[in-house]
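Structures are listed in the sections that come next.
Both of the next two complexes hold subunit A, though its partner changes from subunit B to subunit C.
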Partner chain A sequence: MKEIRKKAWAGTMESSDAYVEVEPAQTLAVELQSVVQAQFGPAIEAAVADVAAQCGVTKGRVKVMDRGALECVIRARVETALLRGMEE
Partner chain B sequence: MTKVVSSLREAIERAGLKDGMTVSFHHHLRNGDYVLNMVMQEIADLGVGGLTVNASSLFDVHLPLLDHIQSGVVSTLQTDYMAAGLGRAISRGAMANPVQFRTHGGRPADMARGVTPVDVAFIAAPACDCMGNCSGKFGPSACGSLGYAMADARYAKHVVIITDHLVPYPLQGWSIPETEVDSVVTVDSIGDPKGIVSGTTRITRDPVGLVMASYAARVIEHSGLLKDGFSFQTGAGGASLAAASFLKDIMLRDKIRGSFGLGGITGYMVDMLRAGCFEKLMDVQCFDLQAVESLREDPRHQEISAMHYASPVTKSAVVDSLDVVILGATEVDTDFNVNVHTDSNGYIMGGSGGHSDTAAGAKLSMIIAPLFRARLPIVTDRVHCISTPGKDIDVLVTQAGIAVNPKNGELADRLRSAGLPIVDIRALKEKAEGLTGKPAHLPQGQRVVADVISRDGQLLDQIRSVER
Partner chain C sequence: MRRSMLFLPGNTPNILINGAYLGADAVILDLEDAVSPDEKDAARILVRNAIRTLDFSRCEVIVRINSLDTDFWQADLDTIVPCRPHWIMLPKTARSEDVQRCDEYLTALEAKLGFAPLTVRLMPLIETALGVENAFAIATAAKRVGALFLGAEDLTADLQCKRTKASREIEYARGRMVVAARAAGVDVYDTPFTDVNDAEGMEADARCAKALGFTGKASISPRHVEIINRVFSPTLAEIDYAYEVLEAIAQGKAQGKGAVSLRGKMIDAPIVARARQTIAAAEALGLGKGEAK
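Our next item is the complex of A and B:
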């Protein structure tokens, strides 16, 4: 069981990238804003949940601001933000 | 005698403007234009309503139109292009009547055919004399060519020139002659020079854009059309300009002397003229300061009207003599239909402009577009809106390969033997979706918010509301 211990972030607000912020919380909560919400919203939410599960994170708030990033980019940005947030 | 009246209000009253009439505007001042808003506010203050506004293009500087739509001053819009801010409001259902989209050639054609009669044309002119001879080449708000306004001056029943630079009679080098003008109004300023022309138009530095541009130049090189007498049009987008720059290198290397460059003229086309790539430039609209200066100084740089540029009902138009045009797209479908009216969410954010006119006229019409933009594939099964029909498109260039319309077997063979990566357009769609995932299908709204009318006057497609 791992949790987000501090505020951290990864990524940029450039087109085709995503900016991810994480912070401590009592449960795992994902918040998504995306320019392709209508086309890919559920797929992005599933990818974020999957990365969190792979990292073993069960507590923390994950905020994804997606500017049309490919799924591999979103996964990398989320993983980086989670790892940074789990550090002491 | 003088045609100068004391105020805009007097000019409107002298024009006899009444409820339900049509007023027209040109877009050479682009996003720097003060005149459309100034005139519409004066008309609103006079209490006239139910008007049709026929504008060659509308920009977001014209957002106050939404207030005039809501208050009933304006009931119908006719235009060739609408920027994204206005487009979003229209897509959301801001108007009861559908917007009528035409092309830069179809607009003057429908004026000439009497389909869209104009009662009063309000023409912003950067320089004008007291009898109405006017030009875009001079003055503090110089915009260069007044090509689109020439149609309004020719066909409107009553013509008002609005200027901030009144010069002694006679102004020489006019675009519109006094024979077509009823009155002249002077105002403090017709526009903001920063919004009228860009100081410089820039080539892309994006590696994807440069790959596409290099393919585009090589397609032209091996098309069989690049020889002495070659003619060319390209847009002002970064990748299109880069393609022009690569093409210039090829033309200079092989000592090819083209006949003319057409368009929407940028400094890059002026450079090509000066370098000897072309004998002439045919200019319906200047995009930057270098183009304005060249039109003013260089007799090889010729201003042309919208009719001369692209009208399908004139005895001939320059697009009919065009070899190659490079065009953009928000979407292209597997039948090569092109959308430049709406974005991938269905919101209006553009329009044909001269897209379908040049595509219909040119021997080779080429679309340059990336495989996907912000995770949305460019190639789709069916475009949201058909702006230019696939029968008029020859080639789609992406960074992942070049798709040739199957009607053009010979061209595909030529390009293939030149070593270019020719692929089926469906393979581009699959490749993009392999990277992005398959986007969910978006439901369309119930209401028709715009009619897209082809250059020959037929209903080509309809744009529906966005209700998400």
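Our next item is the complex of A and C:
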């Protein structure tokens, strides 16, 4: 059971990338902005939740601004932001 | 066959995702110079996911980790090796001890992961004066070493000279690297040509490297890949001549001749060896007699 301890971020707003911000929260909450929200929104949110579960994170707010990134890129940016946010 | 190696910055998704489709025989996913120190963590996770997910079946995957004098190289290997890249490129390799240190760490990782020994090969990047002088020792420091790679930008800084298009300042290093690699029985790759807009200069530089004995050449631009592949591939004439040499040798042997000539020239052992190398290269590229592209 891990939680986000501080505000952190990863990624960029460049095309094919995603910018991810995390910050402390009482529950795990995912917020997504994506150019393909209508088509892939639920899949992206599921991927974000999956990465959080793999990292053991149960508390924190995760905001993803997707710029048309592949899922493997979004997963990488989310994992990086979570790891940075969990640092002491 | 590995003729071209294309550098791709490890923390730039829009370049990484297309890397396998740019025609290079190998891609170098870069965690070192292309990534700022505060983004090393992001880059190694992105590169790991890219190797796991994207289709790199068209090319070999080389990951350039950070050098042994940084705090990053072990985390790079811990993250990347489980994805089974074909090669790890070790920058700033200067001594055989550098190779042995990295090899020991890779050996332990492979055992921990249940991989066969030497699953991941090692390509030392030699880019210092000391590294050039120790090139043979580096090439023979571990069985894992399968190729040497010359990096001229850092080398010329170390040599305290200018890096020029004519490349006279790296003539000695190029020759020394080729001799060391061939003596050790490993491949050897030439430094990138850094003017991405000078195709003519690029081709001349590649031809120079090929003439010296390099196996292939690295590139920092997709524009250079086709040129490198063409220069380091055997031509139709070279392939046809190689087959003629072997046929002449076979005929001479059948006729009991001690010496054989072709086109008025004696065919000696080095000519036969070169013919075999040409045919091996052609076959590796899927080219048969009269089929060069």
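By definition in this document, the second predicted complex is superposed on the first by the 88 of 88 C-alpha atoms of A that agree within 3 Å, B and C clash if a C-alpha of one lies under 4 Å from a C-alpha of the other, contacts with A are read in each partner's own complex, and residues count from 1 in each chain.
Please note the rule applied: contacts are C-beta pairs under 8 Å (C-beta built on N, C-alpha and C of every residue); 3 or more make two chains touch, one makes a residue touch a chain.
No experiment lies behind these values; they were computed from the predicted model shown.
Within the superposed three-chain arrangement, the count of touched residues of subunit A is higher for C, of the candidates subunit B and subunit C. Of the two partner chains, subunit C is the only one touched by A:Glu14; subunit B is not.
Of the two partner chains placed by superposition, only subunit B is touched by A:Val35; subunit C is not. Contacts of A:Ala43 after superposition: subunit B is touched, whereas subunit C is not reached. When both complexes are overlaid on chain A, the residue A:Thr80 reaches subunit C alone and has no touch with subunit B. Under the contact criterion defined above, the residues of subunit A that touch both subunit B in one complex and subunit C in the other are 15-16, 69-71.
Listed in rising order, the residues of subunit C touching subunit A in the complex are 12-14, 17, 41-42, 45-46, 48-50, 52-54.
Interface residues of subunit A, counted against subunit C in their complex, comprise 10-11, 14-17, 69-73, 75-77, 79-80, 83-84.
By the touch rule above, subunit A contacts subunit B in their complex via residues 15-16, 35-36, 38-40, 42-43, 67-71.
Per the touch definition, subunit B reaches subunit A in the complex via residues 344-345, 373-376, 435-437, 439-440, 442, 468.
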